[in-house]
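First chain A sits with chain B, and in the next complex the same chain sits with chain C.
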Partner chain A sequence: MASSSMRWNMKKIKEKEKMGYIFLIPAAVLISVFVIYPVINTIYLSFFNLRIQTLTEGAKFIGIDNFKKILSDQQFKTSLGFTLKFTIIAVFLETIIGMIFALIMDRAIRFQGFIRAAVLVPWAIPTIVSGLMWQFMYSPQYGIINAIFIKLQFIKDAIPWLTDAYWATTATIIADVWKTTPYMSLLILAGLQTIPKQLNDAASIDGANKVQSFFFITLPLLKPVLTVAILFRVLATFRIYDLVAVLTNGGPANQTASLSLYTINTYFNFGNIGYGAALATMTFLISLLISFLFLNTLRSKLEGAE
Partner chain B sequence: MKRFKSTLSLVMIIMLMVGLMAGCSQPSVEVPAEETQPTSEGEAVEAEPVEEEPIEMVELNYYSHPDEKGERNAMILAFEEQYPNVKVNLVELPTDTSKKLTMLSTVLQAEDPSLDIFDADVIWPPIFASAGWVEPIDDYLTSEEIDAYLPGAILSNEYKGHYYGIPYRTDTGMLYYRKDLLEKYDKPVPTTWDELTETAKYIIEEEGGNMSGHAGSWKQYEGLTCNLTEFIWSYGGRVLDDDGNVALNSSEAIAAVTRMTDMINKDNITPEGVITFGSGDARAVFFAGEMVFLRDWPSGWNKSQNPENSKIVGKVGIAALPTGGEGQTSYSTLGGWQIMVSAFSEHKEEAIAFAKFRAGEYSQILMAKELSHIPSLKSLYSNPEVLEAMPFLESMYPAIIHAYPRPKSPYYAELSNILQVETQLAFIKQKTPEEAVKDATMQIKVLLGQ
Partner chain C sequence: MVKTKKTPKQILQSLFYIVFFIFFVGSICFPFFWQLVNSFKTQVDLFSIPPVFFPTKWTLDNYKDVFTRQPFHLYLKNSFVISFMVTVICITVGSLASYAISRTNIKGKKLFLLCLLTITLLPPITIINPIYRLLKTMGLLNTYWGLTLANTTVQLPMTVWFLQGFFQKIPRSLEESAEIDGASVFQVFYRIIMPLVAPGIFTVSILTFIGAWNQYLFAQVLNPLKIRRTVTVGITLYQTDYTVPWGTMTAASIVITVPLIIMVLIMQKRIVSGMLEGGIKE
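And then the complex of A and B:
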């Protein structure tokens, strides 16, 4: 009797599995059409010499020549340098500041719900809109940031926010951190909520102070959430395009041209389809490399800590 | 707390709805009195009585500059009255010219039939024609119609023996100056760049405050190339020679770039942040009364005389751009916009009819009055309405008709980018002008396969 009911249960499970697969089909179709096909097509195109100016002559197969060209491309190196610097600093800042916000929001205080919603506002504003807003604030002519700093006598001359390569990078990082910190802080807050309060209570009974309980209890328990959040943010920031396009458009002299901006200009403005595809493929490979390295080191740290 | 939350949600929903309704209302458009205006063919514009049988509507998408004061929509309405079976939708392109190119390239590369007609900058026809994305219109233009346009303007639309677009406005760089300041300090209108710099320095000294001397659109975009080529040509240099070979690496070009970088770094007559200026930013400083000279297109004239935008109404003069020195000629970059028809449009007949209207007399007179766009039709330079709107057209006509085109090439977008980046590197002192010119020359040679 037990075996026949078991068989009946197995059949039910198999049917449920089948239903599950059927529900997956629409998503699978969408992903293959809008993600997998373009990626494969781009990688395919990167092995050809194809420009819109010579579209009628067709694509010429040139193997890895495009990639060799990338390695000696000065602009590629500048863009890669800028994008890496930008990603590392921005993600670092948003993690630290996000963590502080999350710890504050974790406390049960009045208007907790309202604060959590208000904190999301920078994230909710479309990047183009906030980018233009920052552009006005950084303006050398009528920018409010310089005006306030000069009034408070922090600086004597106006800071060349968007005209100097170093300051333009700083300005873009500030604008990006302002926008994405709320997102990070909410992710971390979600992680904090899963930590049982009893652990911290037990620690304080044993005589641990706040700092100690943070580093020895909270942080290790947050590691899974942090890993995912940071990896996600690193990959997203590496692809930065809209903020840079609005604030500096890669200027001055392409010093703040992120990899995505350079790729899009090459592909759409110059019409160099083959080389643009190679740049995109290279960006994709570098992102993959970063995520592998990241997951490996963090995983070993996780295992080491435990 | 629960009641507070639900009240708050209700308030936010109401605000959202009000916002949506406000956004959906159409701005009022003033259609100028056009019942008495004849079209170039001499027909009356009054719409013929619409017949009762259903007309098959053709919808065209016109990717255009954004509408500024309702004038473009007014022009479209006038066209639709002439062609009741056609509806034209204005699709806005981004304000930055380079971003316009990106958007158009994206749509055309996809061979999307949802784009029928579009605005094209004067240096784009070779790019689009070489890619096979635009329709040749030789069969739709008679030789008289071609001759009616300014030669520089119509020739920009020619590629390998065919015409791919019609110019609806031409443009040429001009020097704007503060008449009142020059009079106050008894200085003549400068004829060389050195003279301009000296005069600017003097007036900045005397006036003090926030006054600066000169600016153009020097940020990293097409506008910089327009300004740069004017400097290079005015010193006697060239980018490409008559056979299309790169001739950039010359002492004249180096002198020109040096002159520009010195204005920023040595003479300090440019306003802060000039290397991030589009033409709007440069104009803003001039219109605020804080600059002596400005290099701009004629379309700035209208705005400079409008008290809503400008504090210097009645104090502005226009002249030809200065030269590099004695014996050199003044050059201004040929600008202008054309209307082109996509090769993938499904309504080519109607699209071409609209293109001809957009570049026709009615539209050009309207835009001349509303936006100070200078006409590309020769006949309009003696048209009383146009001359009343832009009195400087008579004295500037020789400069306009001799405006010099930028290098014509299907690779122009990349060529221009090389010039922009190298010039900006010189601006921020990462390279000397010599190095910048030399590197630009080398890169352009590689690009063009020389």
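And then the complex of A and C:
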């Protein structure tokens, strides 16, 4: 009796395992066709000279010439510089502001539901649409932002938001922070709510003030959640495309052309598939490098999922 | 109840809170509100210097223009069909995969999770050109299926990540007792597990739908032709080299966004708690 039930159990486990593999097949096929093959193909093509204009001649192997060209490519440097600056400043601001919002939302306050609903508005709006919104608000003559600033006498002359490289970068950062801070604050709020309130209470009994208990209790406990959120925000911000595509279209003079925008232009406007692939590979490598900085975080995320 | 007088500190605190509240909600909602007001303005009001806040004359012309200058109803339909297909496929494929990951002891689980994580970290431009050429060879450019499959793949990791969290919460004993009663693995999955995670699936469906609806890069590259163009691509094409019809564009952005915002506000509690749960899981 015992042995037969054991056999039955083993059979059941085997069957279940078989089903497990079968259940994974659709996802595995999709990922292989639409992610793994494309990544390998892009890396492969980055060693070739291949242009739409001369497609009939086929691809010519040129070794690492594309990458040599990248290193001396002024536009690549500009794009990389802009993308890095944009990523660092935007994520920094999002984290700080998101933290402040989350700390306030974490307290029992009135209109909590209303605030949370408001937080979701920028998140739900397509980036393309938010780009267009901000573009009109930034307009030097008709824009509301300049109008308000002039009315409040912050400035005398209209700020050339989108036609000056410095201001265009600032404008892009503001638009991005507006769109993503609310989501960030929700993620941080999730982390805050896992921290037992008694800890802070105990600290305050022991004489710690609010600032101390934030830095010595809240922040260290929040660190795991915070690093995951920052990692994902950094990588998402690093591949910025939609926002610059509509807000500045890379202008003025390609000063705000992010790496993604530059790559897309190389691919589809200039038809340079080989060089575009090299740019895409570089972007991929830099993303990998960033991920490696967060290796421990990633590992714990993987283990948490199992 | 005796009304206690507030101490100065409390008054200061509530004052601070009100200022925060106005600043917070104001800065978050103002751009959308401004867009909404602008969409009812005439050309004269839109381009007056300095800007007028409320329309001197309310008009619906901008909304008419949205649908006459481009076949925007077609774009809306395309976006809806594609986002719907993405959601259905993502949830189906995603639930199967999440079940396999969280409920069976198969090998290669870690590899699969690593793949998923890599996709979320991967810049889409790394894969866009091969996907473009692949779909071109298969004749799937400017079709529902081509864009749907590409979109599904990028949405899949998020879906699986959320879903396997929901699967893990279901007690194993439920499954086991059904198995002892002789149910097959698929029956257990379909009859026992799926109904239990239905609320979770609903939340993830909304997130997936919104993600697909808002997608721009793939839509722009894979479906450039009018017949299968989506709203996010369509809205950028009102402007020409000579004119930027702001009225039309603001109205179009309201048309695109309002369905999402209504959906989000109705499901607000669900979405936030779904996000919070997904956020906590490291």
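The rule we apply is simple: the second predicted complex is superposed on the first by the 272 of 306 C-alpha atoms of A that agree within 3 Å, B and C clash if a C-alpha of one lies under 4 Å from a C-alpha of the other, contacts with A are read in each partner's own complex, and residues count from 1 in each chain.
Note that in this section a contact is a pair of C-beta atoms (placed from the backbone, for glycine too) under 8 Å apart; a residue touches a chain by one contact, two chains touch by 3 or more.
Because the structure is a prediction, the values reported are computed rather than measured.
Q: Which partner chains sit in contact with A:L162 here, chain B, chain C, both or neither? Use first/second/both/neither.
A: Touch status of A:L162: first partner only.
Q: By the touch definition at the top of the document, which applies to A:A253: first (chain B), second (chain C), both, or neither?
A: In the superposition, A:A253 touches chain B alone.
Q: Tell me the contact category for A:N265 with respect to chain B and chain C: first, second, both or neither.
A: The first partner, chain B, only.
Q: Is A:T56 touching the first partner chain B, the second partner chain C, both, or neither of them?
A: So A:T56 only meets chain B here.
Q: After lining up the shared chain so the two structures overlap, which partner does A:Q141 touch, if you call chain B first and chain C second: first, second, both or neither?
A: both
Q: I'd like to know which partner A:P224 touches here: chain B for first, chain C for second, both or neither.
A: Second partner only, chain C.
Q: Looking at chain A, does chain C or chain B touch more of its residues?
A: C
Q: Answer with first, second, both or neither: which of chain B and chain C does A:M19 touch in the superposed model?
A: Touch status of A:M19: second partner only.
Q: Where on chain A do the contacts with chain B and the contacts with chain C coincide?
A: 141, 245, 264, 268
Q: Looking at the complex, which residues from chain A come into contact with chain C?
A: 12-13, 15-17, 19-21, 23-24, 26-28, 30-31, 33-39, 41-42, 45, 101, 104, 109, 111, 113-130, 132-134, 136-137, 141-144, 147, 150-151, 178, 182-183, 186-187, 189-191, 193-194, 224-225, 228-229, 232, 235, 238-239, 241-242, 245-246, 259-260, 263-264, 267-268, 273, 276-277, 279-281, 283-284, 287-288, 291, 297-298, 300-302, 304-306
Q: Can you list the residues on chain A that touch chain B in the complex?
A: Touching chain B from chain A are residues 52-56, 75, 139-141, 158, 160, 162-165, 245, 248-255, 264-265, 268-272.
Q: Quick one: in the complex, what on chain C touches chain A?
A: Chain C reaches chain A through residues 17, 20-21, 24-25, 27-29, 31-32, 34-35, 38, 46-51, 92-94, 96-97, 99-101, 103-106, 108-110, 112-131, 134, 149-150, 152-153, 156, 160-161, 164, 179, 184-186, 189, 210, 213-214, 216-217, 221, 232, 235-236, 246, 249-250, 253, 256-257, 260-261, 263-265, 268-269, 271-272, 275-277, 279-282.
Q: Report the residues of chain B in contact with chain A in the complex, numbered from low to high.
A: 96, 98-99, 101-102, 105-106, 109, 127, 130-133, 219-221, 271-273, 275-276, 281, 284-285, 410-411, 413-414, 417, 421-422, 424-425, 427-428, 430
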